[in-house]
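The following blocks contain the structures, represented as structure tokens.
After this come two complexes, each holding chain A, first together with chain B and then together with chain C.
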Partner chain A sequence: MIMDSGMTDKMAVNDHTLSKENVPALTSLDTFRIGIVILMGLVPFIFPSFRVMDVMAKIMIFTLVVASFDLLLGYTGILSFAHGMFFGIGAYSVALILYHTAAPAWYHIIIAILISLVVSIGLSLVISFFSLRVKAIFFAMLTLALAEFAHILGVQWTSLTGGEDGISFTLPWIFNFNHTFGTVWHTQINGRLVVYFLILFSTLFLFAGLVRFTRSPVGRVLQSIRDNEQRAVALGYQTFRYQIYSIVFGSSVASLGGILFAMWLCYVNPDSVFHTAIMVNILLMVLIGGMGTLYGSVIGAAFLIITENWLPQLLKSAAELVPQSHVIQVLADRWQLYFGILFVLVVLFFPKGVLGTIRAHYRQRVIESESIENQLK
Partner chain B sequence: MKSKANTMAGLGLLLMPLIWIDPVTYLTLTVAGLSLGMLIFLIASGLTLIFGLMDVLNLAHAAFFAFGAYMGYTVLYLFNSWGWIEGASLWGSLWFLVVALGTAGLVGALLGVITERLVIQRVYGDHLMQLLVTVGVSFVMVEILKIIWGVNDEVVPIPLAFQDSFIIYGVFVEYFRVVAILLGVLVFAVLQFMLKKTKIGIIVRAGVENREIVQTTGYNINRIFTMVFALGAAFAAIGGTMMAIFNQAVDPGMGDQFLIFALIVVIIGGMGSVTGSFVGAIIVGLSFNYVAYLVPKMALGVNFMIMAIILLIRPKGLFGKE
Partner chain C sequence: MNDSMLTLDDVHTHIGQHHILQGVSLSVNPGGATILLGRNGAGKSTTLKTIMGLYPASKGSIRFKGEKIHREKTHKIARMGMGFVPEDHAVLFNLTVEENFRLSMVEETETTRQNLEDVLELFPALRKFWKTKAGLLSGGQKQMLAIARVFVCDHSLLLIDEPSKGLAPIVVDQLGEALLRIKDKTKVILVEQNFNLACQVGTDCFILDDGQVVFHGMIDELAKDKPMMKAYLGI
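So, the complex of A and B:
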């Protein structure tokens, strides 16, 4: 299924030895990555429009969530439909605590983080305990049922969650959007900008943590389980335990992503964090970027969120060219349809995703050049 | 001996709600629970058939279900606009029901054939790909459904005769509930007959193991696979129409809501076992109704608890193969 495993291993091993033994020289790829991060930091100062900043913040949050999902799907070979649920648990924990306390202070956010971590770790342990013993496909079914259950709970438990109307809240301390510190480069430094940078640094830190995790000994074992579980068992690894590490870690990161998401929007409702459409979006982002690549999540998230922001308008203006046709108006309204079709096409015909394909191509070239070198010897 | 003990334990659990509920209410709830269970079985049967025979977990099942519900709604809506539905006699209503179910079943089967030929055929033997691709197909189908019928809830016109009830020992029984129970039992019987008395089951299972060898024995395995998939989809669509009448309403998200029930039933019963789905559906339907009467807020939660308990005792479900 995940065909580029050998190649990722190889690249990862190279990186690993580099960073351990000698001081690593910056490759052109590293420069590119650092450039993107700096660009993300400069966005609020270059583009005064809120919309651009909003898109960037969402790209970063979803990069994080998608990367943590890739840890499960691409590196461990487990399909969890509850990943969106953990995202929602994070979002709701911060929203509920800030909404239900009279005068929220900075430590309430810390409490929210702790609560969401405890809940997601506990829940992911329970899920894996019940389902992983049997079969991976069981895990998919159980998590799907649980995710639907979470959505229903969010809608129906109105006394706690406010039902379908959702909850809007204000952030405490320096994160409050009305809090200003003055201006830099004609840009007002306010609470929103502070949250933006919080998102930037948290994403960087957690993403680095995910990359480190996949290259650790535990990550290696996970990949071996994904590629051939029986062989991993035969080598003496308790596969169950390693899969639990992966699920717990991935779910926790997803719930932290949910916290960032709620803090950015200051609003949550069941449809925006618990709905199946979120899960489908996350899946599509992983697939477009490339399963088992981690860095592909940046590509997937950027592609999908940018399209999601501009496609409806594009379709609408296209539909205005033919105002008489009712069918075309309706087709333009349902832009999610095109995402669904894209999803199916990507799974069927482009399963490696963008980064996976590029890496496979690169690997092919390395193999070819090596064989030429061998022939010359 | 052991199976006897199990049956006794099951009966004991079945009668346990009598501690809190008086007998007449208990019987009313039991009839309601059985009919809900049979409706859920209709949905779950297609899922378990496709999984058990073809080894494909079809998450687009919910979309077939929703399409079936909307087809049934359309047929009944048309009949109603001609003034046939409301005043119809019980037997007349039954005929309309058969037409609605038939239309839904045919459309479901057609959609099943299209889906299998276009998409599923490319992913046989790869569980992860199947899960991913069927999620996508489901998403696309629900969007198409919204394009055709719009995004709002619709009220389904149903024959008044179905809402009438008769009384046995002080228990009110609606006619439609009886119809639902009979249909569920009928589908169960047909499936059992097909799997136990005909060769289709064996051929399909052999085809999953090794397509080429089955083909060399003269069976067109591709066509048989398509047929089984279409049959599963048709069951989902029929279940959809029944549920549309049961709830007297349809909405585009209804597939997802009932997919939970179907998944819980399949997990409880054991994946791929039709008998398991039948028993699981009855358990889910009954417990949902008893608990909804006693503690309304816990109704869905109790199904998860039952699932957890059964998974603890038998990780592969009640009738799952070890």
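So, the complex of A and C:
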């Protein structure tokens, strides 16, 4: 009998029986990662501007959502366009509950989390059962149709969602933006800062969960499905079940990302969370960072969000240097054009995404150094 | 017939519109290694994949340890004790050697632990590269890992598809030694183009031609039958 999920857990526990070199050591890469996290935590104190905090918060949220999408696309080989929909479900869960509640309290956020998880898990199970058995391209089309349906529902069901105008709401408890708790390092500690740190710690916790998941025995099976599903089946794995684990876990994390996004903006509308453009952005972020790298999601999210937020401003400032040139003014307005060029350059120079290409380059160097060592022997 | 470990009775397999297996019937007894021989395109690999359930048999029946398996899902057939090593270095490149073993391992028992020790003794290079990504191994090492990985499980039947393909002669010799030790513990059905290796490892053999069995006998008898060798193997 080949091991299954239960058995794999036992094996994970018994890891030490096969390798005794599990002493954790802090590598330079770990130090770099910790440094990034500390920097994120210090940003509100170093740059007490809303714009910088806004960009950083969005980078963290999208890192989480992109990493959860990478679990599906990069680790399991499933292309689901419904991933953005789960992000929207999370955002609308918290928005609707807080908007329709007369006196929102902290537990309403917990209720929103539970509802979004139940809806996401239920819906991802339905999607999996009905469409995973079809071929990859049909699965992608089905999920695209479903995501578009969610967008239309958000626009049309005005009595609930506020239609295209969306809904604004206020956060309860310590998260309320009007609450202030004093000043630290000339920075006012208020509800927004609390939400910022909620985003930071939630992203850290959930991202660590994703990393743990991909390195678990189940994660190994997912990678084997991505590399060659027939092999995984021939080893005795019911791949369909593992694909469901991946979709359910990835969708749940995306919906939690949606909750954080809505809490940060205190506003949602169908275009900001359900639109196909959001899904395209998530896909671009995965491609830029590198599929199947998980950490690449940080690079992808940072690249896209920083570019979207600061490239127009940068171009405008550059154009102001030559105010008399109409052509320069017109060219400076077309920031998407330069973003497109940047994206093409990234794809050209990093065909496997930034992190994917760096890792491939590093592996190649290892192979070369080993072959040199063998020749010397 | 009842003692057979595996029986194929008039098995037909279609891949798309192509009728590949056209009534394969064979019976394999426990112990030793049975070799499937034949020219390219004769249906050897398709036979293994049909047994494993990777291609559905369109007609006929397959029994493994007395149970009908031709309608079973591949993962269930694997769990019944059948291991499969495909011809394309079936290792997972992005996982380490250790992770490749773990992926295919049965629940860690005294037997599997012993199997692992045996296999690492048999292929010492794999112990050396224990934490190395499988994609970084040489072609021979990948093939060793592919076989060793399946051998760790307590399978009662191993289907191995052209393990010597693309390997250097010295590696093929090592592979032959490994297969000789493996067949002492586990029944092996081996698809092999290298006739010397087949003779070294195999006891009985089947020759397939145009999706049908055209010869069954002991491999040393076949080696003496020059017309048969010329007609079906081109040797």
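Here are some notes:
In this text, the second predicted complex is superposed on the first by the 317 of 377 C-alpha atoms of A that agree within 3 Å, B and C clash if a C-alpha of one lies under 4 Å from a C-alpha of the other, contacts with A are read in each partner's own complex, and residues count from 1 in each chain.
Just so it is clear, a residue touches a chain if its C-beta (ideal position, glycine included) is under 8 Å from a C-beta of that chain, and two chains touch if they have at least 3 such contacts.
Predicted, not measured: the structure shown is a model, and the values here were computed from it.
Residue contacts after overlaying the shared chain place A:S116 against neither chain B nor chain C.
Contacts of A:S297 after superposition: neither chain B nor chain C is touched. By the document's definition of touching, of the two partners only chain C reaches A:N228; chain B does not.
Using the contact criterion defined above for the overlaid structures, shared-chain residue A:T63 touches neither chain B nor chain C, since it reaches no partner.
In the superposition on chain A, A:F343 contacts chain B only, with no contact to chain C.
Once chain A of one complex is fitted onto chain A of the other, the partner contacts of A:P217 are limited to chain C, with no touch recorded for chain B. Shared contact residues on chain A (touching chain B in one structure, chain C in the other): 1.
Chain B makes touch with chain A in their complex at residues 57, 59, 119, 122-123, 126-129, 131-133, 135-137, 139-140, 143-144, 146-147, 256-257, 259-260, 263-264, 266-267, 271, 300, 304, 307-308, 311-312, 315-316. Chain C contributes residues 52, 54, 73-75, 78-79, 84, 86, 90, 92-95, 98-99, 101-108, 113, 116, 130-131, 133, 135-136, 153 to its touches with chain A in the complex. Residue ranges of chain A in contact with chain B, taken from their complex: 1, 77, 79, 130-131, 133-134, 136-138, 140-142, 144-146, 148-149, 152, 276-277, 280, 283, 287, 330-331, 334, 336-337, 339-341, 343-344, 347-348, 351.
For chain A in complex with chain C, the residues that touch the partner chain are 1-3, 7-8, 10-11, 14, 17-19, 21, 217, 220-221, 223-224, 227-228, 230-231, 233-239, 292, 363, 366-367, 370.
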